[in-house]
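Chains here go by letter, A, B, C and D, matching the order in which they are written, and residues are numbered from 1 within each.
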Amino acid sequence: MYNNTFGNIFRLTSFGESHGKAIGGVIDGFPAGISIDEDFIQHELDRRRPGQSALTTARKEADKVEFLSGIYEGVSTGCPIGFVIWNTNQHSNDYDNMKDVFRPSHADYTYTQKYGVRDHRGGGRSSARETIARVVGGALAKLALKQLGVTVTAFTSQVGIYKLDKDYTHYDLSVAEENPVRCPDPEMAKQMGDYIYNIKGEGDTVGGVISCVVKGCPIGLGQPVFGKLHAALGNAMLSINAAKGFEYGQGFGSMNLKGSQQNDLFYNDNGHIALRTNRSGGIQGGISNGEDIYFRVAFKPVATVLMEQPTVDVNGRETVLQARGRHDACVLPRAVPIVEAMTAMTLLDYYLLDRASRLF
Amino acid sequence: MYNNTFGNIFRLTSFGESHGKAIGGVIDGFPAGISIDEDFIQHELDRRRPGQSALTTARKEADKVEFLSGIYEGVSTGCPIGFVIWNTNQHSNDYDNMKDVFRPSHADYTYTQKYGVRDHRGGGRSSARETIARVVGGALAKLALKQLGVTVTAFTSQVGIYKLDKDYTHYDLSVAEENPVRCPDPEMAKQMGDYIYNIKGEGDTVGGVISCVVKGCPIGLGQPVFGKLHAALGNAMLSINAAKGFEYGQGFGSMNLKGSQQNDLFYNDNGHIALRTNRSGGIQGGISNGEDIYFRVAFKPVATVLMEQPTVDVNGRETVLQARGRHDACVLPRAVPIVEAMTAMTLLDYYLLDRASRLF
Amino acid sequence: MYNNTFGNIFRLTSFGESHGKAIGGVIDGFPAGISIDEDFIQHELDRRRPGQSALTTARKEADKVEFLSGIYEGVSTGCPIGFVIWNTNQHSNDYDNMKDVFRPSHADYTYTQKYGVRDHRGGGRSSARETIARVVGGALAKLALKQLGVTVTAFTSQVGIYKLDKDYTHYDLSVAEENPVRCPDPEMAKQMGDYIYNIKGEGDTVGGVISCVVKGCPIGLGQPVFGKLHAALGNAMLSINAAKGFEYGQGFGSMNLKGSQQNDLFYNDNGHIALRTNRSGGIQGGISNGEDIYFRVAFKPVATVLMEQPTVDVNGRETVLQARGRHDACVLPRAVPIVEAMTAMTLLDYYLLDRASRLF
Amino acid sequence: MYNNTFGNIFRLTSFGESHGKAIGGVIDGFPAGISIDEDFIQHELDRRRPGQSALTTARKEADKVEFLSGIYEGVSTGCPIGFVIWNTNQHSNDYDNMKDVFRPSHADYTYTQKYGVRDHRGGGRSSARETIARVVGGALAKLALKQLGVTVTAFTSQVGIYKLDKDYTHYDLSVAEENPVRCPDPEMAKQMGDYIYNIKGEGDTVGGVISCVVKGCPIGLGQPVFGKLHAALGNAMLSINAAKGFEYGQGFGSMNLKGSQQNDLFYNDNGHIALRTNRSGGIQGGISNGEDIYFRVAFKPVATVLMEQPTVDVNGRETVLQARGRHDACVLPRAVPIVEAMTAMTLLDYYLLDRASRLF
């Protein structure tokens, strides 16, 4: 569950650099007998793909996934699923002037220090292009979760200072996919979109928050004490490029409320144990309680701005960097499917872990 | 790195329930040849211990650690370090009325659903008493980190609505240990302390935020892409009882600032590569860059309030719960050493992982 | 699954040196709801205990296990099971003359080289006394396997040149526990016993082979390709002190037979698929096929002989070692329960892994 | 270290079925800065490739490896190394008659029982074609080990009843690669070759033993107690298709010798601690001692014989199977590079683990 492998039982091992031959991976521990809907998987990749709207980078990447194993006659076999997505539209020359220069707030400096060598083209392994493999893994996980009745829905809830109310139940989440920002409030979506468009015109970038809601999660997922479900989700979210924070349930908010005001009270709802509120965010003691799981992920502005920035090269010489390349002014819209993918993989993994905790 | 084992190379496996015979654990992968300063370890446990001040629970727990293996003539041998802390002051009768009742916003319901059986006494395994084992592991990790010149300092930065400025460099952190709240601003510490005291008088509880700063971290710690250093820290923090959120660097804040305003710029400082700012929080691309690492952890109010609360029992019958037992009105002061312990263990583990990534 | 932790889902983490305070461990991932028969567990420890007969070491070790957590009212709770066995009869002075001397064919030299420090007393961590923790873990695993109808039976099949026929079906295995050698052929048991007794008189030692048979194993256990069931069993057996070899099914034998002579043929046995022979040893392609699993483990003679041996000390000075202490002339009889324990833990772990490979 | 991932720090995750699109994998944890000699890697694959001589299967497989990531300008970057080997010469029709039939002593039955579905073509995932990925991983490991001065040499030491003396020092191992059997005794190689040729003519198969010798292994590799070096090697070897046994050092032999006759005695060799004999096989207490490591692996005859065999189909109906396809009469010669590959990966992994066990 470190380096390039994610998960315990369901495990995605990914590989590939931004401007290498391909992005790809191996999914191990995927249950046998699941129908693999390749159209759905490609649809998920299309949601992440650049060039979907005027808001995102102008790069044209087909990002077609090719499965190499583990699927026979359209059904998973229980064997590892290898896959590749060929890199086809890389403009490596755009990065020639960065070969020996450290971009501010990027991974250039730390990769160089850690490994001694670095593939600088397009950010190499530190590029968010790596998340393609996550979306493939997440799409497969969603196909399995569907059989369990679990749905995962993420959406943009803040861009710069434009933000939704924190209570997701105030919105019709199904609306989010209808606008390029992926925000469930159409009016706010428009404001956010205009703001991103303006920022993009300045050559600058902006951050924000993605929220995610899980419905239908079985009770009992979570491996206390070090594998609490929300700790696993936090780990998954913080592994996404540019993520700076994670909170679930009441999170950093409601500090003005006391314990007696925040506790979720049980009652008997026609013979079933139910909860009057869900401030806990669907997880108690690290274990899902059957309520909606919801959490928020903070993303910083993309570090690559299209304006001159002072910096240094590998020899410490001061220089000025003028980034080229085709970049997003705001990653939020395209990060929504990535948040969903990481959530879906975590849940499937934890579902399988929970199965392993019982004899029958 | 799930269930009851924390870490990859340096690994703590813990056991024990609140009212069982003992809390304990095994530390594996601890380097050989480290002098084990048992007084220091006990001092760390004393920082976590209840009954330190009028602000915390009145429980009297000696919490003396007994090492059973892995240390010979005061030095670590590279063999697993087993240890126990005997439970001696448990008032299990205080919990008799909770045996079949689910406490609101506690783990009672989810443990029962997941495992079918439950040791209800004192919260059983879900009790924060489990964190004793973490403090032992963290103290050992600190002894190793000391040889690397790394220090870890946590402090209370918010209690209810009382909060410090987010910029930790505004404070003299060494002052924090001088007051029972563990807040580095003496004036604010007093206000926070008074507030907790009043809340305690009401039988109610309050949450807050703990901040943590790491100084002297070597460059290069972090295992991209799924083992980013901040993802590991987030995972570690979110595994602590009552934690609801984690953010590092600019986190959820600064959303009004654009990329060009937030990037950390490199310059040449007398022949060394240096950074003008540290908004990234000491980690770039998931790898430490040598700057201070800093992050914040949100804690909800303790769920156990000493007032009547409606709830249900295991059969779904509605009832009213009047908690007894001796509880903290605010966990923040005692959670400070736990945050440090989890940080120290993560850093030592990641230091050893980084060593393993090189041939020489 | 390395260092001091064994298993993937069911995991034993052990600690303790021969002459330290205690041997112990933590068992994580044990299913909830299993009745813990402590008498049975103690009985398994008694089978391993020294001093059972004139054949084994004269050391008197009570080896009483004390459970510290994870069991409530006699039933497993799904929480980690911590346990200790106190060391009470250690004669550390017996080892004073070995403090700086490397015993031939022991771990003294390699531990010193690897770790720089060493607890020399009684072999420290490299002592077979560590296997006590395995027997506790194995006894718990047996309790769970019993509910699945799986039995594990090991026995001594060779001591020096005295050996049974390789085909275990020629013997009534239930007889093995009736003699101190744990050999199911009473006549051979007597010869083996006499031989060990004579060797012991000479101050010398002897090796042999332990065989093991698993009955009732469910079909489907095994995690290809790197987690084949027999690879896991081989790993488990080779982790036992003094083990030098492992073979299952036809193993190293039958090299004079061709493929057509060795294949196990399927037939229809009254509507069920059955096998005419079981040369494969109950595992095909790394996955159990429902037939008996059987394998053999080679053990070298104990390295500690009670005669003078030339050797060197930590400074490379040549010297002569005259071992004292109380040692077994042949570990086979006492290793039988250890082989069973490692087998039981492997099977339970693989059963739980197999559960995790399915959605329903 | 189970399912389709091998190793702890250095980790190979493989994928691919015999008649799927490709075999491939991801190598994670490979140190940065190693020059990747692709000719050497291809040479290793060629040693495994079918069609090398009249002794092996007539299948023509190019088995050219294509690297997709982790290598930049000929040097490893520390990022995961993805690779594929395209399947190009598959005759899937040869397997049409086996679609619903269980081949004796194959994995057909157990895969079907475990997963419910099965890609029957060429044995699917259970085919030894999967070992291509291991040879790629092993070749990379050898490139790293070369920098440490470690060499790994395997050879055929037994085919049917034709066998070498167990003492490998009696042979010039460099001769082994000069004959198609890969046996270091030219005369014995000829007899073995003639025997295999005759067996092949009968449509039958034969098993044997491969021996392996590691020279130059650093002292200190091994992670006691459950990660003993020989246990890891045994696990690695037993994961190879058709392997039935593993022994190292004196193994199953020398049972007629007592402890006093088998111990390896230390002496002072011109100021260095040295050993007079190496019956232990270079490993003591699970840790390498600097002497040659040597072990033997037993392989059963290939299960696919080209003669009629009675069997059953998936519905339990009895039938007769006449295998087609192009198969090896003896896997030993082609398994030699696979044994070396698994050994090299294990050693590199354990070298990196050992690095992680020290602070400096």
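Rule of thumb we're sticking to: a contact is a pair of C-beta atoms (placed from the backbone, for glycine too) under 8 Å apart; a residue touches a chain by one contact, two chains touch by 3 or more.
Values in this document were obtained by computation on a predicted structure and should not be read as measured data.
Colleague: Going by the stated contact rule, which chains contact chain A and chain D alike?
Modeller: In this structure, the chains that contact chain D and also chain A are B, C.
Colleague: Quick check: more C-beta contact pairs at C-D or at B-C?
Modeller: C-D
Colleague: On a CA-centroid basis, which chain has its centre farthest from chain C's?
Modeller: A
Colleague: How far is the middle of chain A from the middle of chain C, if each middle is the mean of its Cα atoms, in Å?
Modeller: Each chain's C-alpha centroid was found; their separation is 46 Å.
Colleague: Between chain C and chain D, what distance separates the C-alpha centroids? Give it in angstrom.
Modeller: So the centroids are 26 Å from each other.
Colleague: Please work out the Cα centroid separation of chain B and chain C, and write it as a whole number of Å.
Modeller: 39
Colleague: Could you list the positions in chain C whose residues touch two or more of the other chains?
Modeller: Residues 3-5, 14, 29, 32-33, 78-79, 114-115, 125, 224, 353, 357.
Colleague: Taking the touch rule as given, give the residues of chain D at its contact with chain B in the complex, in rising order.
Modeller: Against chain B, the touching part of chain D is residues 9, 29, 31-34, 78-79, 144, 147-148, 224, 351-353, 355-359.
Colleague: If you look only at chain D, which of its residues touch chain C in the complex?
Modeller: 1-6, 8, 14, 102, 104-111, 113-114, 125-126, 130, 158, 160-161, 163, 199, 202, 204-209, 219-220, 222-228, 230-232, 234-239, 244-252, 254-260, 262-268, 271-273, 279-281, 283-289, 296, 298, 300-305, 307, 309-312, 316-318, 353-354, 357
Colleague: Quick check: in the complex, which residue numbers of chain B touch chain C?
Modeller: Checking each residue of chain B against chain C gives 3-5, 11, 13-17, 20-26, 28-29, 32-33, 66-70, 72, 75-82, 84, 114-119, 124-125.
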